[in-house]
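What follows is a pair of complexes built around subunit A, which joins subunit B in one and subunit C in the other.
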Partner chain A sequence: MTAAVTDTAGKPGSKGFSIRAIMREAGIGLALIGLIIVFSLASEHFLTANNITNILTQITINLILAVGMTFVILIGGIDLSVGSVLALAAVVAGKAISMPGLGPAEAIALAVLAAMVAGTLCGILNGVVSAWWGLPSFIITLGMLNIARGAALQISDARTIYSFPVEFNNFGSLTVWGLPVVFLVALGLALVAWLVLSRTVFGRLIYGLGNSEEAVRLAGHSVFWLKVAAFTICGFTAGIAAIIYMARLNIASPIAGSGFELNAIAAVIIGGTSLSGGRGSVLGTLLGAFIIGVLANGLILLGLSDFMRQMITGVVIIVAVILDHYRAKLTKG
Partner chain B sequence: MKFTKFVTAAAVSLMMAAGGASADEKKPVVGLVMKSLANEFFKDMLEGAKEHEAKRGDYVLKAVGMKNESDIESQINAVENFITQGVDAIVIAPADSRAMVPPLKRAMEAGITVINFDVSLDPKAKEQNGVELAFVGPDNRGGAKLAGEALAAKLGKGAKVVILEGNPGADNALQRKLGFEDAIKEGGLELLDSRTAHWETEEANTVATNMLTAHPDIQGIMAANDSMAIGVVKALESAGKAGEIQVVGFDNIPAVGPMLKDGRLLATVDQFGRDMAANAIDQALEVVKGAPEPQGWVKTPIELVTGN
Partner chain C sequence: MDSSAVKIAPQSPVENASSQVSSLLVVKDIRKSFGGVKALRGVTFDLRPGEVHALVGENGAGKSTLIKILSGSFPADSGEIRLENAAYAPAGPRDAKAKGLQVVHQEFNLLPHLSVAENISFEALPRNRFGFLDKTRMNARARQALDAIGLSDVDVKSPVKDLGIAHRQLVEIARALQSESRILILDEPTATLTDRETERLFDIVRSIQAKGVAVVFVSHHLNEVFEICDRVTVLRSGETIITEDIADTSPDRVVAHMVGRRLAAEMAQKVDHDHIGDSALRLDCLQVPQSPHSDGVSFDLHYGEILGIAGLVGAGRTEILRTIFGLQKPVSGQMLREGAVTEITGPDKAISAGIGFVTEDRKDEGLILDMSIAANSSLAALDQVSSNGFLLGGRERNLAEELGAGLNLKCGTVKDAASSLSGGNQQKVVLAKWLARQPKVLLLDEPTRGVDVGAKAEIYAILREQAAKGVALLVVSSELPELITLCDRILVLADHKIQGELHHTEFSEEKILRLAYRREEEGTEE
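Moving on to the complex of A and B:
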């Protein structure tokens, strides 16, 4: 039974599937390369070291959120609350970091911990409520979207929290060989997520859950805890994203992150992960986040208006889903 | 026996309640309709209004806010609720300068004094609905021009600048953009690019960074609010250009205090949001007491704020 589950999972473990999996990502990778070529030809500023550093910084938060979102979408769920949870985690961390009588190192450590705990707790709540009562995560996380936003506004009294230790801010703009450290954090998270999903039993079960909940249940695994785990991971990544947000901008705003959930979902979908669950990968999500970031950056360099940028991003999302439709047919046949 | 006792008691308490109400009726009721209380600016405004109510003590304040800046529906409902409650005056910062005209007309027809503050109602929409209503509020365009002029004075003629706009479609966003453009024209500056960052810090950070890449010769950046100015300052710090490129903002929120002090932000504009609702309420109470309605545009103070 377990074998049957993992086989339909389409994870790149066995040989046949790894080729198909590569095929999946190859298409998205080619699209990204195409974009990069077009923008390089159109703007002399695009393919410069500085601009590459900028793009990497700019996709960091979305990449982190999208990695967590991948787990939830793989089990056939969705998390609409990540943007609000990011704001709540940031505000909680902002309160922690500005507590009087703390040295910079202690304050930063406390803030990081606070953001991770706040994010994780929201994720656990999302998971437990939707899994226990078997309710659509769409609705539960829509509720959490409002709860977390309201809590962020309540705790901060709707005010931007500012003045963090210099060390914290320096971390936000630190680069190593032109690579922003915050991006390396995101890349590290993506790598861990990829290993977990493709090389562990837990990862196989996440895919399995998206394909057939019944099969996972019959194989003797707890569907409840698997679902809770997926949402918890998603909440945790929102907490991490909150820390990055604070380090980059040196403020914690209760209105931060509105709409981030849709960008994260878009990255996952463009990356070829199926909204009905069971198919997709973190590598795809990484490429999806790159496509969104490169588009946003390149279209500004070309001097295109913001409205055009919105329209083009929308078209890319739809085209990605249509391509995925055909790809799913091809790999089945 | 018991029943008559009960009826008497009920009648007495009813009379007392009525008596209480008539004593309270001497105090006019002012309905304050604001925009998003998630926005510090309106939060401040509400607190200012509450302090004002406590200080004056001769009116009752009922305040309503909204979820977000574009939540027009809630504002219309709030106005209609105030009409039903029969308040004496409605003081409103409209979420939409056109959509709010018809409900306010109904309020005026119900004999309620209406004062429009913060954002002016659209003159055309007023004319179409046959409404005559003064506007009590700041000159957003003039304020943005002040900030723009400060930038022009610092940079000199021919300097290259960009604008970060507020939400497309919002009247104050448009007015501030026009004000910046006035200053650019008069100061002989060159405008390289102008685009929205939706009033938001993170987006402003990204947009400003990308603008710097597209136009490495930018010398000044005008942001239509301080939240965006913070994002711009962070972008300059990351690019190693803090202090080289001048930034101006708008609103004078507390978070930009340190930036003004050390020169990372050249200037911002204060429109005294804390007093704005209170001033409008004063106007409304005058009219309720029998003073003539204000005419045209009653301008409220604005001030350029710099580090020194």
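Moving on to the complex of A and C:
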């Protein structure tokens, strides 16, 4: 398990600036391994099959949101709305899945589609509004945070929707060789995102946009559509996260996902992606999500309160950014 | 300690200097390394009160490092600096200022949203007896500082962002001069100035020189060095090559010291003007949005031709290029590409019409500095190095290496970040980005700004080669010698109007300037 982590960390996440990228991710990987070692020594329950399954399940939703968030942060933006969009997508999907007269398969398919469409639409709206008028995405997505939350409450009448088909509920706790299927979905998404960012023209332009919008525009590329695409991807992942959320908890609550956006941002930042855009990778985000998840799980195993956990996570975020500051200095020519 | 054993004295330049005037500042054999890179390998020079001392050298010769050491940004590794016979080792920029050394940097350090007065007083904002900001005193102080350098036309209350780039530079100088200083370092002060503004700056320099202030003048423009300076120190690869009295040397000699080889012939190499073909681009009364009148601009650009646009800052040169490239919409008039009316609504349309644009601002617009040379080279030609949207790393590297070889690009590997290159090589990467598309029309805005002499000659050769291949080149430049060396034809612009057209047989700086100033003279005569 630990070996696998170092292995992937050694591979260049983004070919363009490989050495720096490797330095970046290797450092985060080492921090994660350090955490794992400390917790394994401190608690015999930590490195058990059961607990590992637990951790993987717990980080799934944050990982999915953080993967989408990586695109937005890479272009120098931020999406504060993903938690609320998750709730809206969940409520819309909840309405769809409990429509009368549908068989379980149809209901599930409709729900998945509805969540993805709802999330994607919110993302498009975020992107179009902020890119068209050139407004800071911080403000626009803060607006969307309220709009989506309000819409979720309105549509659901502020009531939690439940009683989904059994097949759907089972999916949330399904495992393959001890690995939760929902986590595999998240990992698959991360893999696709990594490929897109490191191997495609689109990914190259996302990095370019975060570094110099003018240079990308002058090279003939549409800055507008690139921005819209990044936010759309982020909204789409919020839709996927909504489905996972429903399958895991077997409810669709209009107050779901509150504060999730901050955890997702934290994972991206701990993963070494620069808040000003242009630098970072999905691999880093994956490691960042792991660090948050392992920390939460380990600290609780050590008997610390949830409040202590929150404080320590906060410290880790700040330390990660400070370390990144020095790493950037070290690796600069 | 033991480093003294291996010191190699650079051709003892100081001892050679003629007179015995006591020095204000003596720099002796200072060295500085960053990691493994030796930025300074023994720099020696001295500064006398009341002299203007030029510091010249190609990019990477160590001028910036030297200035940063003098201004307290970081200490030297070894060597000695004495200010008025006392050891000088500033603890930081503040300390350096307190000791009377002021630097006007190449990059602006002004706060754009604050007023001119606030900027000028920013280091020590005056307070009244209640501890509040004393605006009256602040504005008066700023007025005095501006008047002292003849900037009486600038309102101290206007925000800096409303000033032109040239005025910002002068405000920066006013700020540096308001406190008592003994040494003023001007780092590339004329890079953004037009000739007239440069003259104004020189007047200012002469007046402070008369007060006994020593001025260090860092510049790529040797004609300016020879106009204003008393002595010149040449740096090459982190070493002092020589210090000479201006009266005893010549620009050719200085260039030879700078590059270690004679380039004059290469620079002056004349183009043959016989390869000019059909019209590639025609502007027909094109009025840019910034133009105050509706006359518009009309001209023809031919294949194989290098057409220059001269003019003062604000004459509308860059605006024409930006309009052609679709970055802004013309108010009226039209554009014809190979005789057919073409509407270019954005850079993508311009590029598919075969047009490339090397912008003035290399660091923000031309390059993505953190990305590799290869990624920068392919930025406008990603379709050539990808298949179905996936990048082909090998093909991208090949493209960059091929282009780099053609442009004599000096770099480690094409995977290195563009930021690791010198100014001249960065500019070659910008050229590579456009040449990758094999453009038919290439627009260039200040193609050699911040580029050293050696690389300048190489860039001229590249541009001539493109013209010889039949590419149509449109060059905007503030450096008249550059336009005169490079172009087949020069249009002179003033107030968004073409004041005249000069053929290469009739080029002279005087003629160009006369046309460039014509509008204003008319205006003042009225």
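Here is the rule we go by: the second predicted complex is superposed on the first by the 317 of 333 C-alpha atoms of A that agree within 3 Å, B and C clash if a C-alpha of one lies under 4 Å from a C-alpha of the other, contacts with A are read in each partner's own complex, and residues count from 1 in each chain.
Simple rule for what comes next: a residue touches a chain if its C-beta (ideal position, glycine included) is under 8 Å from a C-beta of that chain, and two chains touch if they have at least 3 such contacts.
What you are looking at is a predicted structure, and each value in this text was computed from that prediction instead of being measured.
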Practice task
Record, for the superposition on subunit A, whether partners subunit B and subunit C clash or fit.
Solution key: fit
Practice task
Examine A:Ile300 and indicate which partner it touches, taking first as subunit B and second as subunit C; both and neither are also allowed.
Solution key: first
Practice task
Look at the residues of subunit A and decide whether subunit B or subunit C touches more of them.
Solution key: B
Exercise for the section: Name the contact category of A:Ile251: first (subunit B only), second (subunit C only), both, or neither. Expected result: first
Exercise for the section: For A:Asn51, decide between first (touching subunit B), second (touching subunit C), both and neither. Expected result: first
Problem - Which of subunit B and subunit C A:Ala158 touches, first, second, both or neither - result: first
Handout entry: Partner chain(s) touched by A:Ser43 [first = subunit B, second = subunit C, both, neither]
Key = first
Practice task
Could you look at A:Val129 and tell me whether it touches subunit B, subunit C, both or neither (first, second, both, neither)?
Solution key: neither
Practice task
Name the contact category of A:Ala242: first (subunit B only), second (subunit C only), both, or neither.
Solution key: neither
Practice task
Give, as a whole number of angstrom, the minimum Cα separation of subunit B and subunit C in the superposed three-chain arrangement.
Solution key: 34
Handout entry: Residues of subunit A touching subunit C in the complex
Key = 15-18, 20, 199-205, 207-208, 211-212, 214-222, 278-279, 333
Exercise for the section: Would you mind writing out the residues of subunit A in touch with subunit B in their complex? Expected result: 43, 45, 48, 50-51, 54, 57-58, 61, 149, 153, 157-160, 162-163, 172-173, 245, 248-251, 253-257, 296-297, 300-301, 303, 305-307
Problem - For the subunit B and subunit A complex, residues of the former touching the latter - result: 37-40, 43, 168, 193, 195-196, 200-202, 205-207, 209-211, 213-214, 216, 227, 230-231, 234, 237-239, 253-255, 258
Handout entry: Sites on subunit C touched by subunit A in the complex
Key = 325, 327, 346-348, 350-352, 357, 359, 361, 364-372, 374-375, 379-380, 382-383, 386, 389-391, 393, 415, 417, 419-420, 433
